[in-house]
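Would you mind keeping the following structure in view while I ask a few things?
Chain naming follows the written order as A, B, C and D, and within any one chain the residues start at number 1.
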Amino acid sequence: MLRIIFLLLAALLAFAPAHAQDADLNTLLETHRAKIEKPSRTTIGPVLDALVASQLPGVAVFLEKWREKELWQRKSDGRFFLVEKADGGKLMLIDVGTGEQAGLADKADLDNLKPNSGVRGVIAGALVQFQLSDPDPERRLQALTALERDPDASHLGILRAAIDSEPDPAIKARKERLQRLLTIQFGSDQANRVAAIESFAGDPGVDARAALNPLLATSIKVFDTAPEGVNVARLLTPGSDIEPDIAYQLLVDAGKARPIVPLADRKQALIDNIENGLVAGIPVAELVTQSARDRAYLALAGNGTVPPLVTKEEQRQALADHVFAEVYAEPDPVLTTAARETLASISGTVGFYQFVDLALDGLSLASIYFLAAIGLAITFGVMGVINMAHGEFIMIGAYTGYVVQQFIPNYTVSIIVALPLAFAVAFLAGVALERLVIRYLAHRPLETLLATFGVSIALQQVAKNIFGTQARPLTSPSWLDGAWVLNDVVSISYIRIAIFVLALAFLGLLLFVLNKTRLGLEVRAVTQNPRMASSMGINPDRINMLTFGLGSGIAGIAGVAIGLFAKVTSELGSGYIVQSFMTVVVGGVGNIWGTLAGAGMIGSLQKLIEFFNPSNTLAAQTYMIIFIIIFIQFRPKGIIALKGRAAGD
Amino acid sequence: MQRSLFARQPSVLVFIGLLALFTIVIIILSEGFGLGIVSTSFIKILGKTLCLCLIAIAMDLVWGYCGILSLGHFAFFGLGGYMIGMWLMYERTKDIVIASLSGGELPATPEEITEAIGTQIFGVVGGAEIPVVWYFADSLFAQLLLVVLVPGLLALVFGWLAFRSRVTGVYLSILTQAMTLALSLYLFQNDSGLRGNNGLSGLQNIPGLTEVPQSVVSVWFFLASAFALGLGYLVAAWVVSGKFGNVIRAIRDDEARIRFMGYPVEAYKLVVFTLTAVIAAIAGALYYPQAGIINPAEIAPIASIYLAVWVAIGGRGRLYGAVIGAALVSLLSSWFTGGQAPSIPLGFYTIDWVDWWQVLLGLGFVLVTLFAPKGIGGLFDRLVRKDAAS
Amino acid sequence: MKFTTKLRIAGAAALFTSTILAHSAYAADDTIKVGVLHSLSGTMAISETTLKDTVLMLIEQQNAKGGVLGKKLEAVVVDPASDWPLFAEKARELLTVDKVDVMFGCWTSVSRKSVLPVIEELNGLLFYPVQYEGEESSKNVFYTGAAPNQQAIPATDYFLEELGVEKFALLGTDYVYPRTTNKILEQYLKDKGIAAEDIFVNYTPFGHSDWSKIVADVVALGADGKKVGVISTINGDANIGFYKELAAAGISADDIPVVAFSVGEEELSGLDTTNLVGHLAAWNYFQSADVPVNAEFIKEWKAFAGEKRVTNDPMEATYIGFNMWVQAVEAAGTTDVDKVTEAVVGQKVPNLTGTMAEMLPNHHLTKPVLIGEIQADGQFDIVSQTEPVPGDAWTDFLPESKVLESDWITLKCGMYNTDTKTCVQLNSNY
Amino acid sequence: MSALLEVTSISVSFDGFKAINNLSFEIGGQELRAIIGPNGAGKTTFMDIVTGKTRPDEGRVRFGEPQLDLLRLSESQIARAGVGRKFQRPTVFEAQSVRDNLTMALSNDRLPFAVLRYKPSKEDDGRVSALAEEIGLSGELDRTAGELSHGQKQWLEIGMLLAQDPKLLLVDEPAAGMTLGEREHTTDLLRRAAETRAVVVVEHDMEFVRRLDCKVTVLHEGSVLAEGTLDHVTANSDVIDVYLGR
């Protein structure tokens, strides 16, 4: 019925827009005032129907403003207005019906009406008919989005009517796709619907599955004989397809079998039948085991005071006497078959894309681990030094980014400034640490570990004292907002892509520095044989200092990257330190490719485990670490180990 | 040339004597004893500190003597706590449940009791079933055995894997750290059956002794901790003073050399690792009933790093060094977090110790490693030697 | 062995003992001592430091008004350092050494469970200001934060009725509050006719930062054509990564609304909210509540802590708890814990959202439930506000808790089984 | 007499570099043998293989009577079977006393639990004194090993090897860094040791080898180039080529 009205309305809109009406919108609103003041998704429908049906000129504008939380109400008389900013902090009232100015008012005299998002969704649904053929493409898109979110059978006709006149090809394609989706759900013609269903074969869109899946909704039903006249998905055998207990409960619910007396009821029955400290002649004190209680209950049942128990045999017989089947809610088998086949083809596509998405996630995580660990790998590999304060260098980088954003409000510029600055700050911090502490602990790697741990807790607390304990915002420029979307399954945020690119850049840069520059040559010389290197005129102290600064500087840059996609707190670094160690150790020490391999393995493996155990990320991390411990058994020197005697102990 | 342990390790007698004196003095001054000069909360702090000293001795044995920088001994400490905690919690709850069910009209069946215990213990964390790992929880004897067995077995298996593949030095440290992280992450899960993040709580209430005031219970545990520490010190001193001690120090100094002398280095490491894990577990089993709660955060890798730092500050390779380090750092932490340290106003800025003590602690670690590589124990040795010379 | 060494050790021991003696000897009578048991270092410092500041501000204000019972209030601040056993140790110290008359403190459930046995043994008094999972009632604790029926259940109702959500993703950090809340919600949703397969549950570790996979999983839930909503019990700064990923994935609140129980003004100040506009939070208080008493409170807070600071729900709970305690002490005319605990029940103080909070016999408050939509400026638009709801210590949506009742006035029991008509235990469960 | 150590066609390579190439070698029960060869000839790798530090890619290593397959044993098992090894750098345990160093080396049960229960017996004390006598460190027994001079450390190490009572002794450059007098002492020690066991000395120093006066094996590029008396091998033209360069 409603649908027909809407169709009529749509026709009216198409052929005779803007009927002149005598009634005033304000009057109409007045009659619905209570519901407009405190709207709810469940009660607003009739109000909207009335507004739309009134065909008054201001309705579309009113609905739009209402949805955008720009509707105001005068406290004194409850009248609704739109407003504009006026001089002196006052608001200029605008009449909703005529669009004319209606005097100034104080903000305190007005209430801003803010419908919740559920109501806004319903309003958007009501707006569809006004907007679907609006000259402004922005409005048309809004209407389509509203339709996609909450489609209604009544919309199908309006939508079909709005396709041909659509000038924009992209919007037209979207309208057509939506039309097919609505046809699947609300279409009346079997052939049309089947065609629409089949047109989505291999389409990974969530909306396509969302339209198809409801067709295949089933419920389990009980039949006395083989089911007829219903669309059966499959027959169920108790014991293999369905738990016997559940099946029996279905029978009980259908009134086809006697209910089983639950344990609690049996206990209550015993309590109710206590007489002089005896239950059916058994002293209460003896009822300390379940079997004793069962005996007492059976005795009571024998007297007929309580309902007898259902025996296993009786249950078995009841199950054997009935047929259980999964039945489609959709009666038409042609539709369900088409939907099932289309979904099967979709699930293949989706499976492939899910794998792609997982690979992207793994790659992204790997690049983050790589960035976090590579600085550590350099210092560890070249100097054999375990720097527990590495995480705090990451933190320093992130806070540098935050501080820069306090001075440079433009996010793009601030990131461009922050990256080299974070490198510089962390570089200096690293050099300071090397000069002041690590140099004096040469050849005592375990003690370096402890000293740098001391530095780590001191730095963390200092950061807390300076920046406070709250997380600080580090905001990415708006061009990094959002995600690269291939389809509804595969997408990855631009930030992650940027981090990936950054990681690649650093890989390239480091390879260049280590393999093509004088510094790299000297670093490699010091790594392989410090005594020989120093006899050749290389100053190992200088090299160590520079290497340590380089490693720390990269950690600083990693800090900016991590801060952009996660959070900036004083504990930011400590969350990555153990992971970074494992990346370095798994990959193999003293080798950039090794770190890359380690990060790649840990990142992708973690995602893989998460994939198999989606409801428990914590377990995934545990298994990951156990895997690493076992992996080290087989490759104690990591994936890519330095070979030969030099690598020996 | 057979000399007694005390002749070989003169510090043992001094240590045991001082410990006994300290224990007796504290007990006499305690609230539980009647004098009430030392508060129950301070007795508990002291008792816990003694347990920390015991695990520090284990750490010194494995790191200071055998050269294995394990960043995982708090995992064994925590496991010990969990094992005893299960019994404490189960029995306490059982008492409550039985008392509560006895008010019912029918006497409770064993199933009902078990079910009620399950709801009571796990209801808090969204469960009701008693997990399999609690199988022995109602037997004190079994759980005491598990205090030793579970951490011992974990150490044995982990150590066997790690030592067999010749993982040494910092690699081993990182691997032990990974083990600790894995264990704490595992326990953080609710599905671990040990109440996830909530851990086991109310452990200070000893089942069957609910009428005994905490002031007395705390003294008992203090005494037990002191006894365990004394015993642990004795065992450790015995282990390190003989040929075995020479061999493990040789392993620390030159692993390859001692291997070519025919010593199965891996077996020695395994023995030391497992032995110290067991000592750590016993320390934990005494610690957590005094702390009252154990949860996975206790096992987090950072705790084990702190342990290494205590030993480093106290002085590696000296058993009393470990004790000094653990006692000093943990008592200092306790003092600083207690809010009693006065703030220092500088006019333009007020130094609040709550904000700055960790900075101080961290820098303290750095200074000790830089300027006193042998720790406080090393300074101590120097003093003693000077005395001897004069 | 050298004699001098022994002397040195003995000297050190003596020095040590003397400090203990000095310490335990001091106790003043002219002030009322208020213990503040909030972590100032470690992971929880992020949230708890604010509450310490709140208590200090309230004490300062109260002292300016002349104190309580003619005595000045004196704050004893300790730092349990986010270390749960340390909470028990510090609580014992506060009660026995510093001899405080009341404590304000704890944030996480585990810290509360750590403290419970100590304050019950020593008959202390604690005001706990954070929303929690319920299933507890202690004689010595007043719970001024929300119980699940004052936050989670109304928010779920809002999802069901106002937003028409048909499929639920319950995302939480893996600890007791999300676990218990989700267990209650699962049962509640099933009672409301939501099928088990339409409830997706995921737990992540504390401080989790890699959310891409989970966000993708949530999006995929929409594949069977039902409207999906997320109920988030994600804790602390893990939220930041989650919301950033949500924003990046372009999930608008109109597609998949997210309602959070642990995200307030404080957490939002750590990120840019322009892409999160419209997502929801359920609390009993928002800074944006437009009532004079709140405006006054915000003004005082900014003057005390700094212009950039925001207020949040646990601060309001602290405010209510503090005022209730002051009123109760004045009503009882003493700081004696037994008398004060009796006097607190039934106290009414104005909350900051324009209604009154009343302490119930089960030591929980009546609180209105507010639902707010995130705005671009990091504040919340209040889209729904209920009448004050009485807090329920034991949820009615789990069979084993349904039969339990807490009433410290008439039943004098926090865990009373209405089936067997017995008090299960006088102490709380920890 | 069958050989004590029988190495049959072993090969090993590192990163494609053949350190040992199809090497076969034999030594009898009581024999002193010197192995010489230029740098990279595979001398150290050969010792690594025999002592179990390095696994060869192919080949067999048999030792003792009944024959043991050394390739199946770990380093410590090989050492316990009777192969002693002295490293190039003197490696004694500097933090421990000379007595402790020697006691550790005594051929007692080396498994952890036995060592834990170990109590020094009269016999062992006697052995330690005798060994100290032999290596000329009687007066230094209670000094810390780190305080000894370089030569003394070398002797202590040899003493420790003798204490192990090995059937085969592998000695890597024992004379490096020694004074003339010390060298003579060392030569005596080795020759005396070879009276009761097999001793293999790897040495650069021709003078020292000459003084040992024993059969010499020359290694080159991982295989045996020549074998015989020193005079015999130094007369060999291949050896001259290798040593003087081509």
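By definition in this document, contacts are C-beta pairs under 8 Å (C-beta built on N, C-alpha and C of every residue); 3 or more make two chains touch, one makes a residue touch a chain.
All values derive from a computational prediction rather than experimental measurement.
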> In terms of CA centroid distance, which chain is the most far removed from subunit C?
Replying inline: D
> Is the C-beta contact count larger for B-D or for B-C?
Replying inline: B-C
>> Quick check: how many Å separate the C-alpha centres of subunit C and subunit D?
In response: 72
> What whole-Å value do you get for the distance between subunit B and subunit D if each is reduced to the mean of its CA atoms?
Replying inline: 45
> What is the distance, in whole Å, between the centres of subunit A and subunit D, each centre taken as the mean of its C-alpha atoms?
Replying inline: 67
>> I'd like the Å distance between the centres of subunit B and subunit C, where a centre is the mean of that chain's Cα atoms.
In response: 32
>> If a residue has to touch 2 or more other chains to count, which residues of subunit A qualify?
In response: 461, 464, 616, 618, 621
> Going by the touch rule set out above, which residues of subunit C reach two or more other chains?
Replying inline: 41, 174, 203, 205
> For subunit B, which residues are shared contacts with two or more other chains?
Replying inline: 105, 185, 188-189, 256, 355, 358
>> Show me the residue ranges of subunit B that touch subunit C in the complex, using the header's touch definition.
In response: 10-11, 13-14, 18, 22, 25, 29, 37-42, 44-45, 48, 96, 99-100, 103-105, 119-120, 123-126, 128, 185, 188-190, 195-199, 201-202, 204-205, 214, 288, 291-295, 297-298, 334, 336-340, 354-355, 358, 380, 383-384, 387-388
>> Under the definition above, what is the set of subunit D residues touching subunit B in their complex?
In response: 51, 53, 74-77, 79-80, 84-85, 87, 91, 93-96, 100, 103-105, 107, 110-113, 115-116, 118-120, 125, 160, 164
> Considering the complex alone, what residue numbers of subunit C touch subunit B?
Replying inline: 1-2, 4-6, 8-9, 13, 17, 20-21, 23-24, 40-41, 76-86, 88-90, 92-93, 96-97, 109-110, 113-114, 116-118, 121, 135-136, 174-176, 179-180, 182-183, 203, 205-206, 400-401, 417, 420-425, 429-430
>> So in the complex, the part of subunit C that touches subunit A is made up of which residues?
In response: 41, 43, 45-46, 49, 158, 161-164, 174, 200-205, 207-210, 212-214, 216-217, 219-220, 222-226, 237, 240-241, 244-245, 247-250, 253-255, 257, 266-267, 269-272, 275, 278, 371, 373, 381, 383-384
> Can you name the residues of subunit A that touch subunit C in the complex?
Replying inline: 40-42, 69, 114-121, 145, 149, 206, 209-211, 213-214, 357-358, 361, 364-365, 368, 461, 464, 468-473, 475, 481-483, 485, 488-489, 491-496, 562, 565-569, 571, 575, 607, 610-611, 614-618, 621
